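The structures come next, written out as structure tokens.
In the two assemblies presented below, chain A is common to both, partnered first by chain B and then by chain C.
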Partner chain A sequence: MDFIQLVISGLANGCVYGLIALGFVLIYKATEAVNFAQGDFMMIGAFVCLGFTNSEFLGLNFWLSIVLAMGVMAVLGYLFDWGILRHMSGQSQTSIVILTIAVGFVLRFVAGSVWSHEPVSLETPFAGEYVRAGGLVLGVNEILIIVVTVLLTLGLYLFFSRTKLGVAMQAASQNQLAAYYMGIPVKRIQSMVWALSGMVAAVAGVLFASKGAIDPSSGLLGIKAFAAAAIGGFGSLPGALVGGLIIGLIEPLSARYAPDGFAGIARIAPYAILIIVLIFRPGGLFSQTQKKKV
Partner chain B sequence: MRFVFKTSYDADIKWFKHGAQLFWYILLLAALIALPLIFVWTGNPYLLGEITAVLIFSVSCLGLMLLTGQTGLASLGHAAFMAMGCYANILLLQAGLPWLIAFPLSGLLAGFFGTMIAFPVLRLHGVYLALATLAMSIITGDVIDLTERWTGGVGGMSVPDIDIFGFVINKYANPYAFYYLCLVVVVLCVAAYRNLLRSPSGRSFAAIRDSEVSAQAMGVNLTRTKATSFFLSCTAAGLAGALFGHSATFVTNETFDIVMSITLFLSIVIGGLGFIHGAFLGAIISGLIPVLIANGRTLLSTSMGININIPGLESALFAGIVIAFVLFEPMGLYGRWLKIRTYFELFPFYRKDMFRRQKSYLKTERVQ
Partner chain C sequence: MSAPLLDIKNATQRFGGVVAVNDVTMHVNEGEVFALVGPNGAGKSTVFNLLSRFYTPAAGSIQFNGQDLLKLSSDEVPSLGIARTFQNIELFEQATVLQNLLVGRHRHRKTNVLSEIFFTPSARNQEREHRHAVEEVIDFLDLQAYRDKMISGLPYGVRKVVELGRALATQPKLLLLDEPASGLSVEETQDMAFWIEDIQKQMGITVLMVEHDMGLVSAVSNRVMALADGKELATGTPAEVQSHPAVIEAYLGTSGIQKGGKTDKKKKSKGAAA
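For the complex of A and B:
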């Protein structure tokens, strides 16, 4: 029982990591830019939703504010690509890494100044509610996180395989030049991928905030999501989710079953797994990289 | 504009291009040597401590510059290697080794262990190295906590004084000696860096930075060269970490945190990637910003009675400066200086695109 309980809460955590990693991989696949601010996007998404729904701010309906937050984050993502990143095309990947790290710092500062530097909790309609099944006590939020993640994944899968825009995004990320030739507006598509990734970040942020409190430095969670993305293999969407789940599961299990005096191992475990995966399967579990030939 | 007439191949790799350059660097060195006199005169060595901190920081900036600016690999975890150097130095000193042996050895140990851990990742694309080093930097604090038996963990550890043949140097008791010690280390590191750039290894680093595929085609062993660069970079970081330990006199698991790693990385970008001067300018900027903000805050509150206390302002300001540099001056402060200098040297024939670099379109790792 204890084990199943841990597994379910681990899965819920893992879903959040997986969603952040998903947003990160979406951008990486489409533009080859590594968005080190993805965790901070997630944090901002949560704060935007909090600003819409919490009673001390606007006090809107919870579900409506999720949709609004997704909209705001989509616009933010689009504008970030359109206004800044598009002008940097042709510069090295390192400069984009630097830029997004710096943007992360700025976002953290903005969130702290606008909302709060202290942890605040998101007012959800299901806060503190529990479901008892057998000997298990499950938080409604944990179940909801898993359900929403599954639905979102399904939605993204349908989007990428069935819609014209989704197929265009795939084409643009697989081969930019060929996509240009086929009449796909690659630049606009890339900005739309940023918007999509912003929406995913908003969902991840709301889910994360529903588990507890959110504060500006929650964005550092994004680092675990990078680990998740790298474990899954950088360019793979299912890999990102699986990587997230692995990390989510490892954390509570290693904390629970670690030998005495090694409680700190839970904090190291995700990164240790990352380094082990990089050593033995350098391309990640769902490797998609091949050596480039001239 | 001075034209150097080259009569031999050695002219291309000489330490100084011409006598005037040598003169200015000797002047700079003399100024740095004479600097403590000001503080002896005023009798307040507080600012000297800040300058020493900048010197120490610039050693690790130099190390990171070798990796990022010269070899084109991003490391977001250099504070982890500084921590390795620092703790190795303390442990070796406690084991009874003389400082003159423990100090270089601590740098080498940091380089060795850093390269051991990063070696598998070095075979991969650059982003993976950034991620792996980021992960290393995050777990540093926890690892120090777990190895409490040796490192003191959360309780921390005090750093022994430096002892060179009976001459004891402590930052507080003898700030001037500590300053000179750091200066010597900095000068040696710069000399090593400059020498490396003149050598075939230095040129193969630059080849990898500019294009991995062409470097490989020219016969550069990618993994080995990257590992060499990483080793040297970590060694410099380890030396800086050891000095940092002596400067802090007490280190805990929170001394070398992720913010330090990222600050290091961002400051070399502000300084100018790929230039020795850039490492120093970056270290000066990142050392100055907190001092300036603190002074500005005191000035505002004492003269105008305005109390501004915005948490996180320092890092946001720093990040804002970095964004501005990446967007408008990717060559950094030193690049800006080069442009201004060239403008006046060639006046009035400076053209707008003289420093434009070839764009590297989509360095993809996927098969096209």
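For the complex of A and C:
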């Protein structure tokens, strides 16, 4: 019972890591740059939703606020690419990476100034509610996190496999030149990928905040999600989710079952797993790179 | 005579101090196979990149089918019915042959996101149509054996054919082929020659190609333009261009007029054999 309880709360955490990792991978596949502000995008998404729904701010309906937050983050993501990154095309990826690190700092400062530097809790209709099943006590928020993540993943899967826009995104990420000459507006498509990644970040942020409080430094969770993306192979969307789930599960389980005096192992477990995966499968678990033919 | 399908007037493209294309005027008539030949660095690929709107010429005009091509961006060019292949093959590596060809249908897809996600009857019908169009290309190019293979595992010659197939899947009016025979074996080059003939005669697609293999050029082209250092040397039938003194000079250098004359005869007989 204890074990199942831990697994479920681990899965819920893992879903949040997985969704942030998904944002990393989306951007990486589309632009070959890593957005180190992805965790901060998630934090801003949570704060935007909080601004819409919390009674001290606008006090709107919670579900409506999620949709609004997704919209706001989509617009922000699009504008970030359109207004800044598009003018840097042709620059080295290092400068883009450093830019995103700087943007992360700015976002943390903005969130602190607008909302608060202290932890604030997101008002949800299901806060503190529990479901008892057998001997299990499950938080409604944990169940919801898992359900929402499954739905979002399914939606993204359908989007990428069936829609013209989704296929165009895949095409543009594999070969920009060829995509242009198939009639795909590559630059606009890239901005749309940023918008999509902003939406995913908003969902991740809301789910994260529903488990407790949010503060401007919550975005540093992005580091753990980065490890999740690397475990999954950094080019694979399912890999990012699985990597997130692995990290989510390993944390509570290693804390619980570590020998006495080693409980702190939970903190390093995600990175230990990352190192092990990189040694035995350097391309990640869902590697898409193939060995070069000679 | 009706207006040409493609009309390039006085096009000039500079890269810094280098004039890659210098005041080139040419036209391609509907239904013909037109070849651009010339030594490396003559400006042939630059002409292609101008047509794909990868570059904007410093001077000159380009009209396609009565429309000003220079007003469009490179992702809008395919919608006019221009498709191209690349000298170095640009395919979607992590996708199958079938998927690559289906991306070629991009400009013909007209469904919206919701009907696609829920796969409504109209989206399903369209998907069926696209699949049908792609299967015709697969039959035409004998790609059945590779339909579900990943591009990254395919040999060079097959990739070349897949890229041709993807261009055909867009159902173009004008097909730009950038060195279709480079890197192909003798048999593969013969296949390519047959396909280009069929593309012209059965499908009614106009072809503009850059090619070094004079055997292939003589076998399939109606007209040829020779370029050197960005300038036109000669335009005419393959035999006319090959025997043109300026062309011979560009290929063989200026020294030894006697020698040039001899090679001229040889080339002619070669052309006739092909």
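In this text, the second predicted complex is superposed on the first by the 289 of 294 C-alpha atoms of A that agree within 3 Å, B and C clash if a C-alpha of one lies under 4 Å from a C-alpha of the other, contacts with A are read in each partner's own complex, and residues count from 1 in each chain.
One rule holds in what follows: a residue touches a chain if its C-beta (ideal position, glycine included) is under 8 Å from a C-beta of that chain, and two chains touch if they have at least 3 such contacts.
Just so we're clear, the structure is a prediction, and the values are computed from it rather than from any experiment.
Enquirer: Given the superposition on chain A, are chain B and chain C in a clash or a fit?
Expert: With chain A as the common anchor, chain B and chain C both fit in the superposed model.
Enquirer: Determine, under the contact definition given at the top, whether A:Phe159 touches first (chain B), second (chain C), both, or neither.
Expert: In the superposed model, A:Phe159 contacts chain C only, not chain B.
Enquirer: In the superposed arrangement, does A:Phe234 touch chain B (first), chain C (second), both or neither?
Expert: First partner only.
Enquirer: Could you let me know whether more residues of chain A are touched by chain B or by chain C?
Expert: Touched residues of chain A are more numerous for B.
Enquirer: Between the C-alpha centres of chain B and chain C, what angle is subtended at chain A's, in steps of 10°?
Expert: The C-alpha centres give an angle of about 90 degrees at chain A.
Enquirer: According to the stated criteria, A:Asn61 is in contact with first (chain B), second (chain C), both, or neither; which is it?
Expert: neither
Enquirer: Quick one: is A:Asn175 in contact with chain B, with chain C, with both, or with neither? Answer first, second, both or neither.
Expert: The answer is both, since A:Asn175 touches chain B and chain C.
Enquirer: Output check: A:Val186 vs chain B and chain C. Expected answer is one of first, second, both, neither. What do you get?
Expert: second
Enquirer: Nearest CA pair across chain B and chain C in the overlay: distance in Å?
Expert: 5
Enquirer: Both chain B and chain C contact which residues of chain A?
Expert: Comparing the two interfaces on chain A, one with chain B and one with chain C, the shared residues are 174-175, 177, 288, 290.
Enquirer: Write out the stretch or stretches of chain A touching chain C in their complex.
Expert: Against chain C, chain A makes touches at 155, 158-159, 162-165, 167-168, 170-171, 174-175, 177-186, 288, 290.
Enquirer: Going by the contact rule set out above, which residues of chain B touch chain A in the complex?
Expert: Listed in rising order, the residues of chain B that touch chain A are 68, 72, 74, 76, 117, 120-121, 123-128, 130-132, 134-136, 138-139, 142-143, 145-146, 213, 217, 258, 262, 265-266, 269, 273, 310-313, 315-316, 318-320, 322-323, 326-327, 330, 359-368.
Enquirer: Which residues of chain C touch chain A once you look at their complex with the stated criterion?
Expert: Checking each residue of chain C against chain A gives 52, 73-79, 83-84, 86, 90-95, 102-104, 106-107, 109, 111, 113, 116-117, 119, 152-153, 166, 170.
Enquirer: Which residues of chain A touch chain B in their complex?
Expert: On the chain A side, the touching residues are 32, 34, 84, 87-95, 97-99, 101-106, 108-110, 112-113, 117, 174-177, 216, 220, 223, 226-227, 230, 234-235, 262, 264-265, 267-268, 271-272, 274-275, 278-279, 282-283, 288-290, 292-294.
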